[in-house]
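Dumping the structure here so I can ask a few things about it.
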């Protein structure tokens, strides 16, 4: 029973129809919550549909409370050994980032009901639920892993950026605070200008006017276009490498699976699972499989009608079974 | 007859003069249509040359209608087996994205003639014809293929971006809506600010003024420069890889073709065709070919006068014929 | 004694508690100085806490003066042979960029005390102390090394950028200076617009209004987005490559160390030291070590609880000692 | 005599002192001309120093006229066979892009002297001389080569960008031209807004105000950050690859040169020449050389004092001669 609940609530078990339904239901509810928060903030919309929004909020809180309790209860069924022990494991689970967000989002509602504080302000916190959607996206893990791997370098780039912003703000403050005593009243005021300039946003609400100020701003602007895009470039390179590793992992499984020349249903399921886990597209998976067959000197073709892989084993004995199994796969 | 029509209308048969003429005629007509839509929108220009624009529109609709009918009729001649069957194939062709655009662009004209609705508004739809120009650019296929391959990762990056925009808008809304009740009237209003800020456009029509609002905006700005350039970086990396694969494909053909040491006219045509198909520049093709010869220990030189490849087969017996054939190629 | 002082002041000796304390103390003091400079510039804050800021400044100058003197005195203990000789070596050390910054930051205080000039203006120079923080960040060295390696290419890109800015400014000046005689009064005025446009900051304080001016600005804008991001792209690629080399260096040490199949305490320390030196994250180091074991056909697992590597040497004789040592490491 | 003139005027012969002097003189004169054009445009500066600017212009025109005539006369000495023939070769040289710029820059002066037209306007053309500076920068060739190689892909990206700008302008025109009949008076007006938005410049002079206009602008903004950085990303990747090829070329020469284990003066000169030609930094060249020695099992060290390479051949017989020669090189 507890295991079944765990599997239903755990994301990514798309084979079982019930688990998939729970996934879709939760994704929809979270998305609707985000949309509700946005529209609720419009006075004219809230004036007209206020009660509906409140009712939807109560319903959502109910569902998420039940989900939260069930998740904590069934956490011990997780494959992660950290959550195995019945008390310490559950506390550890409750302190994991995503479970904490769940709690933070639920608390304002209960607190405001108990104490009677105005909860309108804290309602926007419900937007944080959106972060839970990351649980359902495989590519997100890749993004986070790259962020973690490239962490120290990106921190260094950010540190240099912050240092440059501070120095730029100070110099421009010295140059401008006599001409524009309001916009450049102090270094914190100049910091606002420096951030807006170095990120190339350039609102135009604060603009240097003295010659020295403009020369500083020009130098800063030119340096910043090189500096600011650096973290993005490093992330993108890291990303690309991680994508390659992911493909190589799939290639290795394809090679293992094709050692006997055929893909039996078990191996077929295994391939599909890894493909989902790694977040590979149909097209990528098919082209890796095709390359695997090519190594065995078996030519394949991508079917023009359905985009699936068809195995051509030779002119005399077309092995009908395999292509069909492959068609299912590709 | 039908096959000939198909080949004439199908892009990329640059050998036949008639097909090339049809290509250039259609490209010119589409380009002129785009220019016409732009100038027609200027009241003073339309006031003066209105009838000419209308006449050109009628002429264009006529040509594109004939072209559309001929394309549907000859679609069954396509190498793509999906379009082979005479009824289902043609319907499938009509539902393909580019054919649908063709229809959407033609319909407003006929509908407005029949029903008599004001077609001025829908005239701008003719701009969509510009997308048909992609049919004539080989590099475009590469771009689309990379977009498809890197799809899931780019979607993940976009999803994170949208989530960050929503959260940023909500926080800044909370911070600013008391100080600036008009610009930050609701979260949708704040969303406009958040998008303009995170894409680093920074019009400056809405600018945070409170301390918290500015701190939020600064954090968002700095994160966004890293986040926003991510999809572009991933695309660029994917692009570069795809370009490499393309060159390797050409290299393989060069190696095959050079196995006997000479390039006969047939092989020459084959090389040229692949070069066009892959969208390689003259320079790229020549340097790959040069490397192919180097492997055979035959030195070549790029002719200083004409930029073409000249084969140097040895000091005693200069094989005059080959360089000439190569000159044609290089 | 002198050697001990040198080791205490030299960054990166995190094993010794005293050296680590000195590091943390200096990092905190520098950071507090930066914060002080920023807040001091706010008139209302300085009016209230002026004496505190002055006292803190005197304390900081005292500490940094002592540190500077000790650093110069102990410089001869450096492993760098340039600083070995007792007089010339110390002068060389005093002329090194970071030591010069130290001096420049200290001088204004002493000069203003002696001569009695207003030192408020030069106080902002204390911000330069922030550059000393780079001494404590390993990733910074990587950044600087990449900047030096890609130097000539980035200079070329910057030179093209400056040339384009100048030409763009001149053309737009010719187009606009009659319509907007103030904003485009001369080419230097137009240069300010060109820089703001080409860096895509776009304040909006100067905007071209004539048709030719706008066409120029559009062409410049489109070219600039390609040109301006170039240095960042080159830096990012160079960075990525440097990161790879760094990882390969660690891999080589892991391979050396694992030749006998075990990691003894000495080798363990060596690995840790290189990891710190190269600025590798725990995660990177662990996965490289894991790959090293895999080559020896020894399977490892990353412990789910503590994220450390555990060695699995076989079902019959689990070599308990090694995993423990590894756990300490991973 | 003619050969000597050719070598003196041809860039990059830094060994000969006279040629180097001519290079530096011309670079300085071109740079001064650019600075003169900029300052001349300031009315207050020209009012005061007008005669000096005019004198400098006459001097510059004189020098550049002599240089142009000498260059055309000595062009036949070029290694490029296109310029060999005495009449046709010189005409071909005169039609080469850089020679044409030289002529265009000189003509206005002579035309205005002859006909008496106002030359103030055309004076700004002298800025084009800046392009001649590219002749002296080796990295520039690399930049141009990459631009040519990646040409078709970048054209495709630019074409997509232009198409998107047109479509975006049309849709926003339809949405906004009723609310803002002036700013969005026609599609060409909207094009200005679209360019400013898609390049993320965002002046803020034209901002969409209707809901549909803002939604369009948001979608366009988000797409554009991905699209617009694409050409830069492709260029940067191509650049990085070209840099690698350049290094590999130097590596090959190092391997050839080190086959006998020593670098004699001739080989030393050859290495230096290639290093200059490829635009490699001292540091890059030294590390490639170091790797070359490592392959021969000879350890080297980079001298701490002078940054040069020192060869360590063994403890018993230190081969004094080689390190010295290397020191000269590194």
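First chain written, first letter: the chains are A, B, C and D, and each begins at residue 1.
Everything that follows uses one rule, which is that a residue touches a chain if its C-beta (ideal position, glycine included) is under 8 Å from a C-beta of that chain, and two chains touch if they have at least 3 such contacts.
Because the structure is predicted, anything quoted here is derived from the model rather than measured.
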Angle, in degrees to the nearest 5, of the Cα rotation that carries subunit C onto subunit D: 90
Greatest separation from subunit D - chain, by CA centre: A
Distance between chain centroids, defined by C-alpha means - subunit B, subunit D (Å): 29
Distance from subunit C to subunit B - Cα centre to Cα centre, in angstrom: 41
Set of subunit B residues in contact with two or more other chains: 191, 200-204, 228-229, 232-233, 236-237
Subunit A to subunit D touching residues, read off their complex: 200-204, 229, 233, 236
For the subunit B and subunit A complex, residues of the former touching the latter: 80-82, 148-153, 155-157, 159-160, 163, 166-167, 170-171, 173-174, 185-188, 191, 197, 200-204, 207, 214, 217-218, 221-222, 224-230, 232-234, 236-238, 241
Contacting residues of subunit D [partner subunit C, same complex]: 34, 37-39, 41-43, 121, 124, 127-128, 130-131, 133, 137-140, 142-143, 154, 158, 161, 191-192, 195-196, 199-205, 228-229, 231-233, 235-237, 239-240, 243, 279-281, 283-284, 304-305
